[in-house]
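Next, two complexes with chain A in common: one pairs it with chain B, the other with chain C.
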Partner chain A sequence: MIQLDHVTYTYPQAKHPALSDISLEITESSLVAIVGPSGAGKSSLCALLAGFIPHHFHGILQGRALVHGQDIANTPLAELVTHVGYVFQNPFTQLSGAKLTTREEIAFGLENLGVPRLEMAERVDRVIELFSLRDIANRSPYEISGGEMQRVALASIFVMKPRVLVLDEPTAQLDPLGARQVFEAIRTLTNTQSVTVIIVEDKTEWIATFADRVITLHEGRVVLDGSPDAVLTSPLLAEIGIRVSHYTQAARAASRHRLWPSELALPTTLDKAIDGFKRARKKYENLG
Partner chain B sequence: MLIGFSARWPHLPVALFVFLILPLAVWGQLLRELGRTTLAVIFPFALSITLVQGFFYPGATHVIFSLGPFALKEEGLLFAYGTLGKILLLAGAGLLLLFSTHPADLILALVQHGFPNALAYIVVTAIQLLPHMQAKAMAIVNAQRARGLETETNLWRRSRALLALVGPLVFSALVDVHERALALEARAFSAPCSKTSLKELHDTREEALARWAIIVLSIAFIAWQIGGL
Partner chain C sequence: MKISVNDLHFAYPNGVEVLRELSFEISSGERVAIIGQNGAGKSTLVKHFNGLLKPSRGFVTIGDWDTQSHTVAQMAQRVGFLFQNPDEQIFKRRVFDEVAFGPSNLGLSPEEIERHVSAALSRVGLSDMREMHPYDLLPARRKLVALASVLAMETPILVLDEPTIGQDGRGLARLGALIDDLTQQGKTIITISHDMDFCAEHFERIMVMKQGRMLIDGATHDVFARFELLAEAFLEPPQMTRLGRALGLPETVTTVNEFLGAYAKTREPRH
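This part shows the complex of A and B:
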């Protein structure tokens, strides 16, 4: 589905590359989370996958990046957007600014692709149902909450039927309720649609619950790549400045005092932490 | 407007405003909105044109009354009346269009009749996003005030404060524009195909006939005016 082969990219006039010798493969219908400290190259990787690099951001791109077997560098952006959808951090700037209702806003991409009106209406209505946007379909996209706005942005991209969705910190500017709404929408997508989701996110508990794979970037390089449990409990995360979940931190501290069962891996979610501490308590009760 | 502007009869623009624009505003339930805004637009013009033309119209001889060295003259008032009538018609017709037709619908209609899509987008977003840009500017003003910037003091300090306001406003606007450009690309804005539209504009036969009638009438009236010279 996605194949990066020794990709290095340097922005114009930059001294150091934003991405350095990145090689990875992402399979179909998986949810891949990308984590990393600020300036690690997360957004650059997303921009590359969406084709903004090198079509919008000119610079020096080395190596080969393929999406669906098509070389990103040689495929026109207008064609790439039908394969790869991109959702930005700021829900406000993603609105076209030219539409009166949320329903029309969702249709904007299809209008640009010249989709016939009847087919467009069907696709828009289907996406409205999928993302539970029925209540706000006829409201102005500027009169809805941040969480709803981001769901509209997600729906506006998904309606174009991309096989890959790249989400660059989609909840960064949202309150907890808005973030939850967006996460639920992404979960609906991955559960019901065969779409590959690549998400930049720092909410590690959510990543641990829903991601199939976590890639950690640091200074433009892949430093960790594996299952959420393996990556999110790695001591390297704290070293490079990535927030580790409170559950992992608590269990690690308990482990130092031999209060965490040695046979158990460190937890990444609340459920796993509760389970571990229950087992630890049982063990000490039996000892006592 | 063409008829009003090309007419030699000075009362025609006012007559068109009273007997065409106002009834249309009543029909569209926009009378109060239109009346209030038209008055607000017209009043400064009315005041300045009446005073300037009334007192200083070149070559005027019929004095209505004198005030010291100044004399209000009939020719000047007539000229001011004619000019104001045209401004009234222009403002009334423009505002009626603005209040009765949403810019997005207007642009959609224009695009469907061959207006370039990118240009239409620029026009409609400029209108739609203006209130949001104003809100953003206000947020920046408030943020700077919270950090001790004085924006309601003497002119010198206010002009210095302007620099601290313009910088963040321009910078954030540029960032927004850049991200919006990318977001548009992500939604196939520059796809090389003919665009379609979810929204269907209902252009009735009566509306089309009315449009043609307006065009034919305007041309005929202008031809009559030119021929009658």
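This part shows the complex of A and C:
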């Protein structure tokens, strides 16, 4: 479990806090999506959960943040990284710079832990398969495409099997199928391995399909927290500048012309959009 | 200014052949989106438009210039280029200097440079940030600084490699409006994106790449109507196209407005 209790954090020399009075609890095995406009504090929240705040970024941290009962501020980063996996927003910064092939890059963390060679090879093979990296396994991690590098960054964390995964926009450069595969993979981990996942993401279709809960940040504060359907269809999203899916946009516009059933919530996925627009049509035909 | 690609093949020094048998033209003023799986060769292809990469076989011409016989600095007068990773592009310590770098290389006067830079920064919404260090900006903003340096060159052709990455709803809307506006001015825009909904809203021609080859190249509606072929490239049509198809709308729709128009029509009283 993750627990934040009135957490406020200000970067060194910053005028305003990046995180303001955040209190929340995240239960084990849940998949929580974080959304918010640029600068809302999403990456800062990730950095805190992974212990980079306050161990790497100093500044002023107030309140209490616990991961599995351990106070993040009092637990050394070296210990935190063994159970919290953190995928940075920029995959380039994730590369160790010490390895000649993507396979070695992915194995780097396990190697440091002294995991036996055979087990290491098996685990590395599994994530190479999971993220479709077979063709580039023997290439330099610097001579690959942007999306491939993002897959390598994900694989190098997944292979560590952390109990908590903190993913900062991990699908930004992935193709549509790759993005779906990441969501399927993390859903499997939460369901079968009791892993807890916190993911910053703007692809609402996948959030709606896979997440248990969505937290919206704005100017360092939690402004919405609830089920994907409730949060992702809130009119507040567009107001504060968050991406809104075309399904939701279409239904919202349609509802103004009574082309969407008034009793139905706005849709976030294809299935819900089909259902609503079909119902609206039937209703109309019955009237006619 | 026309872009011509003729039997282009390309292999990186490690020997992997990444582009194969590409031949096409892009006319002046076209808006083209290039889509495809990770590793399909999209970034590699567009790096041939500004001469960063040279063909292993075949040739690429920009107007009357063959990229083979022109330097990257020369090409920069015709083709503005936004990198997928802005950090590959940004190297000055001040936003203003970063955006002014290209125009100063063109030998413009200080007044002209000032005009170019101010106009470019205001178009991306960063006028207030001209004195800042680019690395103190959020990644999404850094991408906009890089975009401003591209705009400041006022080239007839702009190549944008994944400009939508990390942009929030507001950034996306601004980018879309900017692309529409540049088209109005007659610029050629070539964009790579994994966001099909964005491509549908702002581009008239779509190129689908798969393993270094061109799988489909055509008008946006025609390309997005081809569900099976797109699936072959592991892609999905835009949300509105899928919804329209599932509801049995008679025409292919790709944007929210098209969907609403077509849907409303199916409900008009039949006589």
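Brief remarks follow.
Just so we're on the same page, the second predicted complex is superposed on the first by the 254 of 288 C-alpha atoms of A that agree within 3 Å, B and C clash if a C-alpha of one lies under 4 Å from a C-alpha of the other, contacts with A are read in each partner's own complex, and residues count from 1 in each chain.
We take it that a residue touches a chain if its C-beta (ideal position, glycine included) is under 8 Å from a C-beta of that chain, and two chains touch if they have at least 3 such contacts.
The shown structure was predicted, so the numbers you read here are calculated from the model rather than taken from an experiment.
With the C-alpha superposition on chain A as described, chain C and chain B clash in the combined arrangement.
In the overlay built on the shared chain, the residue A:Leu189 is in contact with neither chain B nor chain C.
When both complexes are overlaid on chain A, the residue A:Ile274 reaches chain C alone and has no touch with chain B. In the superposition on chain A, contact of A:Leu224 is made with neither chain B nor chain C.
Legend: residue contacts after superposition of the two complexes on their common chain; A:Asn90 is shown touching both chain B and chain C. In the superposition on chain A, A:Phe52 makes contact with chain B only, while chain C stays out of contact range. Using the contact criterion defined above for the overlaid structures, shared-chain residue A:Ala98 touches chain B, although it does not reach chain C.
Contacts of A:Glu148 after superposition on the shared chain: chain C is touched, whereas chain B is not. In the superposition on chain A, A:Leu167 makes contact with neither chain B nor chain C. Once chain A of one complex is fitted onto chain A of the other, the partner contacts of A:Asn112 are limited to chain B, with no touch recorded for chain C.
Put simply, more of the residues of chain A are touched by C, taking chain B and chain C as the two choices. Only one of the stretches 5-13, 59-67, 77-85 or 167-175 in chain B has C-alpha atoms clashing with chain C after the fit on chain A, and that stretch is 167-175. Within chain A, the residues touched by chain B in the first complex and by chain C in the second are 90, 92. Chain B meets chain A in the complex at residues 102, 104-105, 107, 121, 124-125, 128-129, 132, 176, 179-200. Residues 36-39, 89-90, 92, 135-136, 139-140, 143-148, 150-151, 169, 172-179, 202, 205, 237-238, 241-247, 249-250, 253-254, 257, 259, 270, 273-274, 277-278, 281, 284, 288 of chain A are the ones touching chain C in the complex.
Residues of chain C that touch chain A in their complex: 12, 14, 16, 36-39, 43, 84-85, 87, 138-141, 162, 165-172, 194, 196-197, 234-236, 238-240, 242-243, 246-247, 255-256, 259-260, 263-264, 266-267, 269. Chain contact summary for the complex, chain A toward chain B: residues 50, 52, 56, 77-78, 81-82, 85-86, 88, 90, 92-94, 96-100, 103-104, 107-117, 120-121, 124, 142, 156-157, 160.
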